[in-house]
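Got some structures for you, see below.
In what follows, chain A forms one complex with chain B and a second complex with chain C.
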Partner chain A sequence: MIELDGVSFAYRTGEGDAVPALRDLDLSIESGERVAIIGHNGSGKSTLVKLLTAIQYPTEGEARIDGVPVREENQWTIREKVAVVFQDPDDQIVMTRVADDVAFGPENLGLPRDEIAERVALALEALGLESISETPIEDLSPGQKQRVAIAGALAMRPRFLILDEPTSLLPAPLATRLIQTVKDLNRREGMGVLHVTHSMPEAALFDRVIVMDEGRAVMTGTPAGVFRRVDELRDIGLDVPLAASLAQRLRSRGIPLKGDILTDADLREALSALAPGDYPAEASGP
Partner chain B sequence: MSGTPILELRDFRYTYLEGTPKANEAVRGVSLEIQPGERVAIVGPTRSGKSTVVDSFAHLLRLKPGQVFFEGEDVAAPGYDRGALRRKVGIVFQQPETQIVEDVVGADVAFGPTSAGSPAEETRGRVEESLDGVGLPYRDFRLRYVYALSGGQRRRVAIAGVLAMRTPVLVLDEPTAGLDPRGRRELLDLLGRLADDRKLTLVVCSASLQDASLLCDRVVVLDEGRVVMDGPLREVLRRDEDLVRLDITLPEPIAAARELRHLFPDLPEDLTTEDDLERELVQRLGTP
Partner chain C sequence: MLELQRNVVFGQFVDTGSVVHRVDARVKIAAAALCIVASFLIDDLLGFGLALALVVGIQALSRIPLGFFLRGSAFFFGFLVFILVFQVLFYTGEASGYLWRWGILSVSAEGLYTAGVLGLRVVFLYYITTLLMLTTSLVDLTNGLELLLSPLQKIRVPVNELVLVFVIAVKFVPIFIEEMERLARAQTARGVPFDEGGAVTRARRLGRLLVPIFINGFARADTLTTAMHTRSYRGGRNRTKLRVMKAGPPDWLALALVTAWMLAAWQL
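After this line comes the complex of A and B, so read on.
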């Protein structure tokens, strides 16, 4: 599991002051959990990712991955446990062909050839890339490249897969399909998934949502629980999925919508479940 | 509309690596006129050719004569002053923060005007005006290190650098990708306000209609290097089925209305805000 105890981190600025990016952060994420992390730009999300991947180290407090403290002397152990996929796949694809790129990480772990071949084959299959395994990277679409980056991370067999805004450059329908793929992987491989995102509809697809603000985790809970707090989220520069906000508006007008409403389909279902008489009679409804 | 378009494409075609086995026909005959002061969204799925169209406006390609015109002049004609074109058309590329060239905010914003030969005193004024314009007050931010800024702030620094060139045309490729909801709203407000104040011509390129629906009044949809729709925003939004087929992200209210039309088949197609959708639903549910 991932544990953070009172973790703080500060960047230095030009004027010599330190800008705190994480402040006394306590957090624990179970192995195999699927968590979305949301927060405005500058809330500390990216710094958190850097700490969890041993790119930066806590200024105060301690972070542990499966009990191993995140410190410089443990950086390689940490990076075997945690793999990350960044926003732009061009930042992390290093080889010229799909299969070679997926093999790059395991090769650097010094694994036997057979095991590398097996890991690559399974990762390609998991992301549906078998048919283009020999394709040059430059011929891929952005969505395919992002799949290659995820396959490369997966071939490391990490305990946790961190997705740092991997969908922000993809059209929404492709992004949703990618998230679905990652959820399937989580079910099959049992690895934890941390998805850092600005897309509230995507966050709603995870088991737990952690909201960051000013370097702290200010809310944590199920998507339904978190997205009910519309005003608090808007106060810190975030939003909620349109369906959640619209449901709240309709409820405040006395329309008794039942259940948790996070997606457009939830809203449709709740509206269609309204019995005649639940709302004034002149309705021209379903 | 009449008068000379500020930007015009006439049957624009472009093939990368032409004449090689890897030839890739990206744009296959696009004709487009953009009048001064228009706010146009160029929307399409990946590989629709929209980035090539953006690059053509900056003359970053080997253009053939007779295809791309700025204020009526063929930018590929022999002797055409490309430097002058770049002083007229400002381009904000995808993730512009990755092309910040200086360590300190003020120096980065000054880089463009200084390179274009603007005198020091004038450059100072332009830097101040541009940083204030993007909501990073000059006094507080000019000496800050770029690396200590948040992603949203870096995006603004990069945009300020383009604004400091005071170009009458601003072309933006996926300007809000990666910004949080507030950052996105603020940037869209800022662009709208700048376009009003400075009478800018805006061209916004995106795979999503979310931003375009808030910023632009005309939408051009590209697919496989061709124009498949071109018209006022509301008319284009009415063709939601076609847009979905092209993997174009719909504005959230439009997407929700599509789902709810299973219950209320007469929900209008052009509801661009949550308020619009709420009003229509309340009408149909018959509450006060």
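After this line comes the complex of A and C, so read on.
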């Protein structure tokens, strides 16, 4: 599991004051849990990713992954436990052919050749890339490239897979499909998934949502619980999914919508479940 | 204006699955290196005739169409002819007689012969290296190079790292080309005419593309470094390679054949 105890982090600028990016953060994420971390730019979510992959180290407090403290001397142990998929696959794919790139990580671990071959084959299969395993990377579509990047992370057999806004360059339907793939993988491999995003609809697909603002975790809970707090989310500059926002406004006008409403489909269902008598007189106006 | 790759055959890889493609990459690299050395030893037309005959034979075996090769080499041959004309006109060695002479310019039998040999040497070098790249994928090429050069590791030459740097450089070429095209389109949309004006104006306009490309390059390098760290890259040591190279008797036979042929071309 991932544990953060009072973790603070500040970037050292040239000479002036240090800029705090994380402030006294307490967090715990179970093994195998699926968590979405949301927040606008500068909320500290990218810094959190850097800390969890031992690219940066806490200036105060302690972060532990499966009991191993995130410190410089443990950096390679930490990186075997945590794999990351970044925003732009072009910036993280190293080799020039699909299978070779998926093998890059396991090759770095110095594993026996048979095991690398097996891991690569399974990772390619999990993401449906078997047929293009020998294709040059430059001939792939952005969505395929991102799947190669995920396969590369998966071949590391990490305890936690961090997705650092990997869908922001993809069209929405493709993004959702990608998230679904990762969720299936989580179920099969029992690996924890942390999805860092500013897309609320994507966050809604996860078990737990952590909202970050100014280096703190300001809200945490189920997607339904978090997205109900529309006004608070607006205050920190986040957009609530349209369906959730609409549902909240309808409820405030006295329309008794049932259940948790996060997606358009939820809203449609809740609306069609309404009985004619449910409309209060004052809600019928514009 | 930015069609850099499409019409040049040099550096391309075309997979026809032929015998030549299946020869071990190390053997191909060694054979090519051998031919390059030979090209500096051979100095007569007969020798180059023989050497070129071998390469033409390999080309036929590789099933890469000659027409495709020639079309992709038009620029190269044009440039070569241009250079050779100068070579003939400014020939300064011993000449038994002049076919034509005007001031310091002249055409002599010796000048033509020297230029001819030089031309064949350059064509041979170009032919052999292009063919090597046409028949060997980048992965095989770099893996082969890494293995061939690995003895240098003992005298602390960081072969693994250097080869990886090369691989990454090559990987970024299409990415940067794409980025350059996007930037050019973005600027064209804002009214920058890239294909108008004199050479200086055009060069200056290209500067507007180069600066953002350069800055972008640094940002990408930074992210890639982070990504490589998170993927546990800690230098070339202690890495296992997924791809194994196996050279069998046919590979050695091919190398022996090329060696013998080149020796013959040199000695005859």
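Throughout what follows, the second predicted complex is superposed on the first by the 277 of 286 C-alpha atoms of A that agree within 3 Å, B and C clash if a C-alpha of one lies under 4 Å from a C-alpha of the other, contacts with A are read in each partner's own complex, and residues count from 1 in each chain.
By our rule, a contact is a pair of C-beta atoms (placed from the backbone, for glycine too) under 8 Å apart; a residue touches a chain by one contact, two chains touch by 3 or more.
Bear in mind that the values here come from a model prediction, so they are computed numbers and not experimental data.
Aligning the two structures on chain A places chain B and chain C in clashing positions. Using the contact criterion defined above for the overlaid structures, shared-chain residue A:88 touches chain B and also reaches chain C. In the superposition on chain A, contact is made by A:96 with chain C only, not with chain B. Shared-chain residue A:137: touches chain C; no touch with chain B.
In the superposed model, A:107 lies in contact with chain C only, and not with chain B.
Once the two complexes are overlaid on the shared chain, A:271 sits against chain B while remaining clear of chain C. After overlaying the two complexes on the shared chain, residue contacts for A:79 are found with chain C alone; chain B is out of touch.
Once chain A of one complex is fitted onto chain A of the other, the partner contacts of A:232 are absent, as it touches neither chain B nor chain C. Shared-chain residue A:214: touches no atom of chain B or chain C. Touched residues of chain A, counted separately for chain B and chain C, are more numerous for B. Overlap of the chain B and chain C contact sets on chain A: residues 88.
Chain C makes touch with chain A in their complex at residues 137-139, 164, 167-168, 170-171, 174-175, 220, 223-224, 226-234, 238-244. Touching chain C in their complex are the following residues of chain A: 50, 53, 55, 76, 79-80, 82-84, 86, 88, 90-97, 99-100, 103-113, 116-117, 120, 136-138, 152-153, 156. On the side of chain B, the complex with chain A involves touching residues 45-47, 94-95, 104, 143-145, 147-148, 150-153, 174, 177-184, 207-208, 244, 247-250, 252-253, 255-256, 258-260, 262-264, 274, 277-278, 281-288. If you check the complex, the residues on chain A that touch chain B are 11-15, 19, 39-43, 46, 87-88, 141-143, 165, 168-174, 198, 200-201, 237-239, 241-243, 245-246, 249-250, 253-255, 264-265, 267-268, 271-272, 274, 279-286.
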